[in-house]
Each structure stands twice: as C-alpha cells, then as structure tokens.
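Next up: the structures, one after another.
Below are two complexes that have chain A in common, paired first with chain B and then with chain C.
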Partner chain A sequence: MNSSTSAASFTRRASMVLRSRPFLTFATVLLVWAVASVMRPGFGAFGHLRYLVELASVIGLVAAGQTFVVIAGGIDLSIAAIVTVSAVSLPLLSIDADPTGLTAILATLVMTTFIGLGNGLGVAYLRVHPMIMTLAMATFLQGLLIIIAGGSAISSQNPLVAWLGNARPAGIPAGVFVWLGVSALVLLIMHATPLGTRIYAIGANPLASRLSGVPLQATTTVVYAISGFTAGLAGVLLLGMNGQGYVGIGDPYLLASIAAVVLGGTSILGGLGTYAGTMPGALLLVTITALITVVNASAGWRSILFGSLVLILLLLSGREKVRR
Partner chain B sequence: MSGATTPAEQAAPPLYWQVQRRRNGDLFGLFAVVVVFLAAYGFLFPGFFTLPGFAKFTQSWFPLALVAMAQAILMLTGGISLAIGAMVSLGAVIAATTMAGPLGVGGGTAVVALAGLGIGAATGLIVVKLRLPAIVVTLAGSFIVGGAALLILPRPGGAVPMWLSDMLAGNTPVAFLILVVIVVLWKIYLATPLGLAIYAAGENPVGAYRSGIRVDRVLVSAYAISGLLSACAGLFVAAQTGSGDPVIGTAFTLNSIAAAVLGGIGFLGGQGSMRGALAGSLLLSLMISVMFFLGFTPVAQYVAQGLIIIGAVAIPQFRRKR
Partner chain C sequence: MATDAPYLAARGVSKSFFGNPVLRDVSIELYPGRIHALLGENGAGKSTLINLLSGAMPADRGTIEIDGNPVPRMSPAAAQAAGIAVVQQELSVTGSLSIAENIGLGSYPRRFGIIDYTELSARAGAAASLVGLHEPLSMPVGNLPLGRRQMVEIAKALYRKPRVLILDEPTSSLSASEARILTELLQKLKGEGVAILFISHRLPEVMALCQHVTILKDGVRTADRSIAGIDADGLVRLMVGRDPGDLFPHWTTARSRAKAIVIKGFSSGLIREADLEIKTGEVLGIGGLAGQGQEDLLLGLYGATPAETSAAEVNGNAGLPRSVSQANAMGIAYVPADRKREGLHISHPIITNLLLPGFARAAALRLRNRIKEGEIAKGLAAHFAIKGDLDRPAQALSGGNQQKVALAKWMPHQPQVLLLNDPTRGVDVETKREIYIMLRQFASDGKAVVLLSSDTPELVHLCDRVVVIREGRIVSELQRADLSEQAIVAAAVGAEPTVTAA
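Presenting the complex of A and B:
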C-alpha cells in the first residue's frame, strides 16, 4: 500500500514535470536539434552543439538578471548598455600589479552592480517606472561610453578574461561552467531563500506583499542590482570570447534576454516563472539564430525569420489567460 | 474616471469645460516647463519668430509628435509598441522607393498608409486573438518589420521628389498644419464609439467587455492607427532627408515611450491624454534643440537627457504620494 501511494505520487510528480514550461521548452530545443541534425549532418556534431551552448551561456547570464527583474514585476532595458560598459571598461581597468587580472574583473563587476543598484534605487525610491528608469540609465551609460571608449575597439590583455572566453577544461568551455555555476546559485536564491519568495511576492502583488511586511523597496533595489551583476558578468565573458570590447557589443543582448525569459514561460507581467525555463529559452534562441545562419539568407530575411520564429514559439509558452 | 469625460464632450458644455480644465490642470507643470523651454529656445535662436524659423522648428518636432501619438494611443489601451522605430524605417524606405517610380507621390503615400494600417492591424490581431503580451509581440514584430525594411532597401538610397521635400520640409509650416489636422482628426475619433471606448478598454478591459464594448475591435483599430501614424512619420523623415534609410527610425522607439510618459501617459492603460503626449514630445524635441544650441557635447546631451527624463517623471510621483 505504502509503495502504491508513493508510486502514485511519483507518477503525479513526473507528469507535473513533463507538462511544466521549462521541460516543454527544453524538449523543444532537443527536438529542433534532432531534426536539424538529420537534415544537416554537421549541425549535430559535438563541436557545433558545444559552440551553441557556449553562445547561449552569454544570453543565459544576461537573462538570469532579467528573469529576476521580470518576476519582480519590472523590466531592465539597460542590460545592453551594462554589458557594453563591462566589456569596454574592463580592459581599461587592468592593473599591472595584479598579473592574474582578477582585480580588474572584480572591479568591473562591482561597477556594474552599482549601475544596477542605481536602477533599483530609482525604481524603488524615486518611483520611476522601470522602463523609463532603465531606459534613461541606458542613455546615461551611452554618454559615459563615449567618454571612456571614444568609439574605438579596445583589446583586452587580461589573462583571466582570455581564459574564461577560450579555455576548455575537460572539453567544455569555461564560460559554460560559469553559466552553470551562476544558474545553480540563481535557482537556489529563487526557490530556496526568503529573498526569492519575496521577489515572487512583490511581482504578484506589490501592495499585498508590502502590507504583509515584505520590504518592497529594498527587495526591488536588490533585484536590479543582481541584474547589473549578471549583465556585467556576461560582458566579461563576451569580452573573453571576442578579445576586444567596443561600443555596441552588448546591443543584441537586450532583446535576447527578454525573449529568453518569455520563451521560458516567465510571465512578463511578473510574479510567475522560473530561471529553469529561461535556460532552455536561451538555448532555443541561439539554436534559432544558428538555423537561420544555415539557411544562408540575406540580412533582411534573417531578421524576418528570427522575428517570426520567436512569435511562433511564443505561442507555446507566452499566452495569457482569457480575461472575460 | 476618464471614460466619463468623453460623452461630456457631446452633452453639456459646462461639464465639458470642467473636464477640460481638470485635464489641463493635471498637466500644468508640464505646460509650464514647455513654455520655459520655448522661451529659452526663442532666446537662443531669435529666428524662431520668423516663418521659416518656426517651420524648421516644427519640422524637427513633427516626426516625434507623430510617434508619441502612435505610442500614446497604445498605452491608453494598456498596450505598448517596441516596433515604432522599425515602422518609421519601413515607412521611410517605402516612400523612398515608390515615390520616384510609376506610382508617384499619391500612390507612394497610399502604399505607406496601407502598410502602416495593415501591419498595425495584424499586430493588434496577434495581441488580441492569440493573447500574447503586446511588449513581446512588438519586440518580435520589430525584427520582422525591420527585416522587411532591409529587404526593400538594403542600404540607404532611393529618392523622394524634390517638390515634396520642399513642401514638407521647406520654409513653410506645412508640417505644423498637418499636425493640427491630425489633432483635429484625433478629437473626432475620440467622439466615435471606437475612440470613446479606448479609455474604458485600457482602464478596465473586463468591465468594458461586460458593459458591451467590443474591446477586441477597439484594440485592433488602436494598433492600426498607431501603425499608420508611425509609417507616416517615416514618410516625413524620408522627405526631410530626401532619401530612405532602413535603420533611420531606430531611436524613435525609445523616444516615443519617453515622450508619452513625460506627457503623463500611464503604463497601465486609461491614464493620461493626447495633449499630454504631444506636450511631452514637444519638451523632448525642445530639450534636444536647446542643448544643441548651447553647444553641449553629445556626451553631456545623453547625460542631461537621461537626468531630465528621470527628474520629470519622478517629481510628479513624489508630489502625488505625499
């Protein structure tokens, strides 16, 4: 009897997992990979898939912060600018006294976290709408970037950054390890800490959560600071892969981060979703881009295909409930 | 609240003026700032008070005014568009490729208008019928529309007839007159059932639906009008520059949101008014011109613009909550 109830609960749990958004998104990725490998033998090669996951790790990192912000009921439109600030200023921060380059990375991450903190303070305490606050921050950073970079590409001499972007311990890119580490931490914070619960609460109903004693303003501030941190980390990784930072390097990642979050089943209205969905969402985006590259179309068609595919995939995960 | 104002426009004049006064009162601070900036502009650029000077000024404002209206009508319904910039680009490239050809200016304008209405309506149908969030649909839509603009004109080129450029962007304030006509048309639209329901559908879609308003139809027509306005802004930009550019509209997406929010339009739908959005776009346009005349470097312009937008949005919030 005991075993039969546990079996029943196991099947119930299994069917819950099988029908969950994160799993469905992941299954879609695997399906697309399988079909594409049959159509194009080169697509399924380990080297190519590894490359896709490596590209997805940057989107995955940016989207980690975005997931937090969206679940908390906001949106971060300054992500592209923060990624660029990180990738451009890191080479300039390198200090000769530290041959490993670790201090420069830490300094960059502290800086981007403070930028995110600025967003959070504006949203939480000045009560500026997140879209306007982060947009204005992006404009502000754009000005800052012209001062520090002046329009030219800056090469990185930082050994640790180069290692992060190019090394492959045990055949797997270091960036993927960074992504996995951050993912574990993000999932832990999201689902196993009071902070995570508070973030869901303020996204679902800010007034009710404030009246129940959730520190609304502090939580909001922290969420944007996390987003600044992960965007900064993504910038570091991107710099490592590219070898140089330039103004505009982060631009593709704003839309990618929002798309990955929504494709992963997180509601853009807040309060609902998980990073476990965003991770396959990032993989899905990279896969779409890779497929479009295979088709060998002009830039216009590539853009149209990308938009259409995202729209079609949204039907799987992004629909709202009927409100009548 | 706002839904009750529009029937008043048809009924009793005293109530109508009461409502108008309240609406203007909400925007008093914004109007004051706009006047200060206009004075500063007139001081820095004395030619402002001549006809060509006024024409030039309104021409720099005109496309921003159109996209601010395009964004405001969507935000009033509780939606938003991140594809405004792409629509402006599409309008510009269609104008630059059709007008010099056999279709002529009339045909080209018709194609631009149809493309704007059609794409806008399609976006609206996707948002309404497939129940997808507007922000994500228009994000994906910006790729599709931007891709279409690249297909039509892969690199800057094409041409708009000289006389059209002279008429729209010359020394006469034709653009300003067109804007006046558009505002009058908006007033008329607000008096029709579809326009009347915009506020209701934006503020409380479920309540509006249960009161017998065809919310879906209201939203789709709002998206169609928004698309039309953005595409027409593109046509004007093409006339201004004399040619088409597939990425010329990019900045308009963010500026349209900034202008609408500066003008007091809320993100949740049903809050704000079109005069606010127009004043917001005027302020943004003035800000850019004044900083240019003061010789701000681009860096300082970016920084100042960011700070002014945050300040303008934050200060009224503070006054309200206390």
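Presenting the complex of A and C:
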C-alpha cells in the first residue's frame, strides 16, 4: 500500500520533471546536437561540443544575474556595458604587489557589483523604471569606457585571467568549472534560501509582498547587485578567452542573456521561472549560433537568421500565458 | 406627466457575479421631469443597476425599456442613441487631455474627417458654463483638483444633451459651492423635462432635491415611493432593516484595560487628527461609507503609508511603525481587502503564501528547511480548514479559502494586533461564519482586532465598539450597548440620530 502510493508519487514527480521547461529545453539541445552530428560529422566531436559549452558558460554567467532580475520583475539592460567595463578595466588594474593577479580580479568584481548596486538603488529608491535606469547606466558606462580606453584594445597580462580563459583541468575548460560553481550557488540562493523566496515574491506581486513584510527595496537592490557581479565575472572570463579587452566586447551578451532567460521558461513578467531553465537556454543559443556558422552565410544573413530562429523557438516553446 | 411612458425603465432585472446574486427582480422607472433617488448601503447593488440601465453589462433576467419599448440587446451604443448619459462614481476623465477634449470625447464634431476644434470648443464651452467650469478649455484635466474633474465629468454628460441623466454619487468630491451649482443645474434640467436618477449617501441633499426614491438592500428593492411623507430616519431604516439570523457567534467581551495601540492627532491619507485607543481583547469596528479614509487609518497604523501623530504607543513601544517590517516586529499584522492584488501571490503555491511573512523576516541566506516548512503549513491548513494540496497555486482556491490563507499566514508570528480590511468581502456564508468565530477567538486570546467592514451587520454583531469615519474624521464612537445598523448608517451619512431608549 505504502510502496504503491510512494510509487505513484514518484511517477507524478517524474512526469513533472519530464514536462518541466528546464528539462524540455535541455532535451531540445541534445536533439539538435544529435541531428547536427549526423548531418555534419565533426559537429558532435568532443572538442566541438566542449567548445560550445565553453562559449555557453559566458552567456550562462551573464544570464544568471539576468534571471534574478527578471524573476524579481525587472530587467537589466546594462549587462553588456558591465561585461565591457570588466574586460577593459581589468588589464588596466595590474597590481605589481600581487603576482597571481587575484587582487585585480577581485577589485574588478567589487567594482561591477557596485555598478549593479547603483542600478538597484536607482530602481528601488529613486523609483526609476528598470529599463530607463539600466539603459542610462549602460550609456554612462560606455561614455566612461571611451574616455578611459579610447578605441584601442588593451591586452591582459594577468596570469590568473589567462588561466581561467585557457586552462583545461581534466580536459574541461576552467570557465566551465566557474560556470558550474556559480550555477550551484545561484540555484541554492534561488530555491533554498529565504532571499530566493523573497525575489520570487516581489516579482509576482510587489504590493502583496510589501504588505507581507518583504523588504521590497532591499531585495530589489540586491538583485541588481548580483547581476552586476555575474556580468563582471563573465567579463573576466571573456577577457581570458580573448586575451584582450576592447569597447564593444560585451555587446552580443545583452540579447543573449535575455533570450537565454526566456528560452529557459522564465516569465518575462516576473515571479515565475528558474535558473535551471536558463542554463540549457544558454546552451541552445550557442548551438543555434554554431549551426548558422555552418550554413556559411554572410554576417548580415547570420544575424537575421539568429534573430529569426530565437523568435521561432520562443513561439514554439509557448508564449506567456495570459495572466488574470 | 405620470401618464406618459417612462423614458427609461428596468423591469424585474436580476444579475449575478460568479454565482453571487447582486440584484434580484428589481424594477425602476425614470420619468421625465423628475429627480429620482436611488439609495442603499455599500454593495446593495446600486452600481450594478446603473450598469444595466446604461447597457454597460447585460442583465441575466428581466428587460430594459426605453420609452416603453423593451430593448432586447441593451448596449452602451443603444443607451447613447437613446440620450442616456451616466456620470460614474469613478471618474472616467483622461488627465492628459484638455477640458474640451474630455467633454467631447467619443463624439467630436468633424469636418472633412478631422476634428473641428472651433465647433468642439463652442459646444464644450456651453456645457462647461452650465456646470460653472470657467477654467480655460485647453487646460489638461490632470491639472484640476478632484472636485473640478467631477464637474468636467458632469459637463461631459451634458454635452450629449441627454434625456436621461444618471449621476452616481456626484457630490461626494464636490465642495459646498460646487454642490450648490449642481443642485441648481439639476433643478433646471428637471424643468426642461430631463429624467434624472440621483445616487447619493447624503440624505439631507436627497430629501431636498428628489421627488421619488427607490431603495435597494442586498440586491432587492425594499421601497419605491414618493419622498414626501418620509424622513431621513425612515430612509435609513429601509436601507438597513434586515434579519441577521444566526450568522454571528454569541460572545462575551474579553476587553481588558491594557492598551494595544494609542494614537493622538493621527493623520494619514484622508485621515485627519484622529485620536484612538485600541484595547487588547477587543474587536474594534471601523465603519463608514466607502472611501472616507478607513483604509488609510489601517495602512497608516501598519506603516504602509506615511502617517503623522502627535503621540503614539504600539504594544508598549513609543511611536508608530515606519515600515511594514517594523509593524510586523511590533506585533501588527494586516489582512488587505483585495486578496488578489494585495493579499496573496495567486500564481504561487499555497504553501509559499502561507509561509511568506516568515521568509520576509528570516535571515536572507539561511538555508530553508522544507520539512519544517511543510509541517508549519500543514498545521495552519488544518487549523483554518484549508483543504487540498498545498502545492497548488493559490488561484485554485475559492475566494473564501483564499481569505483564510491571507489570514492564516500571520498566525505563526503571533501578532498582538490584527488589522483586517473587509475580511468577508466576496466570501461565502459558511466561510464568513468561520471567520467570525475566529475573530472573536482572537479577541478572547487577548489580541486586539481592528475590523474595517463595509458590511454593517458585522460591525453590529461582532464588535465591542465601533468608530464611524466620515470625510477623514472619526465622527462617532458607539459602545456595544448602543450599536445598531441604524446608528452606524446614520453616523456614516451624517443624519442626526434620533435618540431612543434601548
């Protein structure tokens, strides 16, 4: 009796997992990989797939903060600028006293976290609309970057950054380890701490949250600070992979971060979703990019194809249900 | 005059919302050259009746007649064609448009397909001067104070040269001189043969202006008569007279001398200079017509809207809470009236709704204990008889059960003061009874319960004491022995109560 009810509950849970958005998105990724490897031998080679996951790790990191922000009912349009700030200012922060380069990385991350904090304070306390606040922040940062870096690329001499971008302990890129570590932390905060619950609550219904005693402004601020931190980390990784930072290096990651969040099933209206969906969402995005590269079209057509495919995938995976 | 067919009439109309009957078999006839009053308590069905008459919603049963002819499909367009104009209680003016544009909205004069602004300002100007609006017609309505916007709304109705004019509480936001202009205007329109339906809670005004009255109570017509030969007291009796039945528990007071909350010179929102003491172990009722500032009193005490006092004490702490978190820490909990918008996260599981106040005050990064959470939630659900799987979203619950969730979620934190904003609105009778029993139980457990209610019988039968608020001020305080629906409604509408020996 008892075993049959627990079996029934197991089947129910299993079917819930199988029908969940994170799982479906992940299944789509595997399906595309399988089909593409059959059509194009070489696509499915370990080295190629490893390369895709490595690329996805940067998107995944940027999208981690974006997932928090979107679940909390906002949006962060300054992400691309923060990635660039991180990748451009880190090489400038060469600190001779620290040969490992760790101090420079930490200083960069503190700085980008503070940029995010600025976004959060503007949204929460000055009540600037998130789009306006983060867009204004992005424009401000871009201006600052042009003054500091000008048009030239700046090479990084930081050994730890180079290691993060190029090392492959146990055959797996260091960046992927960073991504997995951050993902574990993000999922923990989201689903296993009161802070996570508060973030979902303010996204679903800010008024009811406030009347329930949820610290609305503090929670909003924290969310944007997290986004600044993860975007900064993504910038560090990107710098390591590229070897040099330049103005505009972060630009592709704005649309990518939002697309990964939404492809993963997180509601753009806030309150519902999970980073577990954003992760395969990021993988799906780099996979699409790789497929388009295979098609061998001009840069203009590649961009058009990419935009269209993202749109089609979103339409297929179910639009927002109309909310009451 | 009486031999003519009524311009507009409803015959035996009924209307339900989600299975709750709001109007039952109600008839009303609007004759030309007569000002007809429609009276009733909050929620008696007045606004619904207006919506049926103006075609804003269809009746479930019964017919609407124009000039004695039944209209099979009443619609706003049909109403407009028949010259029926409605001045809604909730303003429908658009702040960013000018006075003239608002007045003419929907029927702008056109020339070669574009709006003829010369013609518009001439016609809108005529309507505006009728109501004493002398502001420049090009001024955006958003720049006007509330009372003037109301006049724009009335001018908008007059612009269409109506045969039937329906006014839903038009004077509630008007100053005395604006109200006088309106009164004179209505007399004039009456002389011109317009049929007028006038809804107001101000009985002296109704007595002075109207010739005929229809009274609704719980969606049923209780009177349809000439206003001659009835006084304000008689009207109040017709509005409230009802049998409370055994919906309410029997109780004895548990009020102690200890004060849970003391405020002096308290102002918040509409509330001005209120002095109030709330004792532990009592249910304090807050009555009054809708929107007189009752909610501002609760929200101000809860730290959710800014409030000022000359002196305040809450559960032994000096001063009012400045935020909801502080209020919670001081032992105050608030249950909002609008469950879907303010009380619950309807897209989230019932269990997270039940536990949210706990999450709100827990250390941000301490790991959650799902097993313990499940036990707490199950305990609450059992105690409040919330049935079913707690992992379902809260929107799966009925209104009554949603209300129980909104109440239950505070219980793990042992609040000493419960501020309840219309906790039984839209709740079925059975759940109402359960909630009533709980409220009295809270009081006998030594909590202070503040019950804001639009349901007057609740105030009479559950409260140790009721304060009535009118226009932001506490105008009356009634002890249990003096409580009656008549006394509360009389205080709410500002009619002098006739003192009778109990």
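Keep in mind that, in the parts below, the second predicted complex is superposed on the first by the 318 of 324 C-alpha atoms of A that agree within 3 Å, B and C clash if a C-alpha of one lies under 4 Å from a C-alpha of the other, contacts with A are read in each partner's own complex, and residues count from 1 in each chain.
The rule we apply is simple: a residue touches a chain if its C-beta (ideal position, glycine included) is under 8 Å from a C-beta of that chain, and two chains touch if they have at least 3 such contacts.
Keep in mind the model is a prediction, meaning the values are calculated, not measured.
Undergrad: After lining up the shared chain so the two structures overlap, which partner does A:V17 touch, if you call chain B first and chain C second: first, second, both or neither?
TA: neither
Undergrad: So, A:A45: does it touch chain B (first), chain C (second), both, or neither?
TA: It touches nothing on chain B or chain C.
Undergrad: Is A:N205 touching anything from chain B or chain C once the two structures are fitted on A? First, second, both or neither.
TA: Only chain C; A:N205 stays clear of chain B.
Undergrad: More chain A residues touched by chain B or by chain C?
TA: If we count touched residues of chain A for both partners, the winner is B.
Undergrad: Would you check which partner chain A:V214 touches, where first means chain B only, second means chain C only, and both and neither mean what they say?
TA: Touch status of A:V214: second partner only.
Undergrad: Look at A:T197 in the shared chain and tell me whether it touches chain B only, chain C only, both, or neither; answer first, second, both or neither.
TA: Touch status of A:T197: second partner only.
Undergrad: A:V35 in the overlay: touching chain B, chain C, both, or neither? Say first, second, both or neither.
TA: A:V35 sits against neither chain B nor chain C.
Undergrad: With the two complexes superposed on chain A, say which partner A:L314 touches: chain B (first), chain C (second), both, or neither.
TA: first
Undergrad: In the superposed arrangement, which partner chain does A:G271 touch: chain B (first), chain C (second), both, or neither?
TA: Second partner only, chain C.
Undergrad: Taking the stated contact definition, name every residue in chain A that is touched by chain B in one complex and by chain C in the other, in rising order.
TA: Overlap of chain B and chain C footprints on chain A: residues 323-324.
Undergrad: Would you tell me which residues of chain C are touching chain A in their complex?
TA: Those residues of chain C that touch chain A are 302, 304, 324-325, 327-328, 334, 336, 340-348, 352, 355-368, 395, 409.
Undergrad: Spell out the residues on chain A that touch chain C in their complex, using ranges where they run on.
TA: 188-189, 192-195, 197-198, 200-201, 204-205, 207-215, 222, 271-272, 323-324
Undergrad: Show which residues of chain B lie in contact with chain A when the two form their complex.
TA: Going by the criterion above, the answer is residues 126, 130-133, 135-137, 139-152, 154, 205-206, 209-210, 254, 257-258, 261, 267, 298-303, 305-307, 309-310, 313-314, 317-318, 321.
Undergrad: Which residues of chain A touch chain B once you look at their complex with the stated criterion?
TA: Listed in rising order, the residues are 75, 122, 126-129, 131-133, 135-137, 139-140, 142-144, 146-147, 255, 258-259, 262, 268-269, 298-308, 310-311, 314-315, 318-324.
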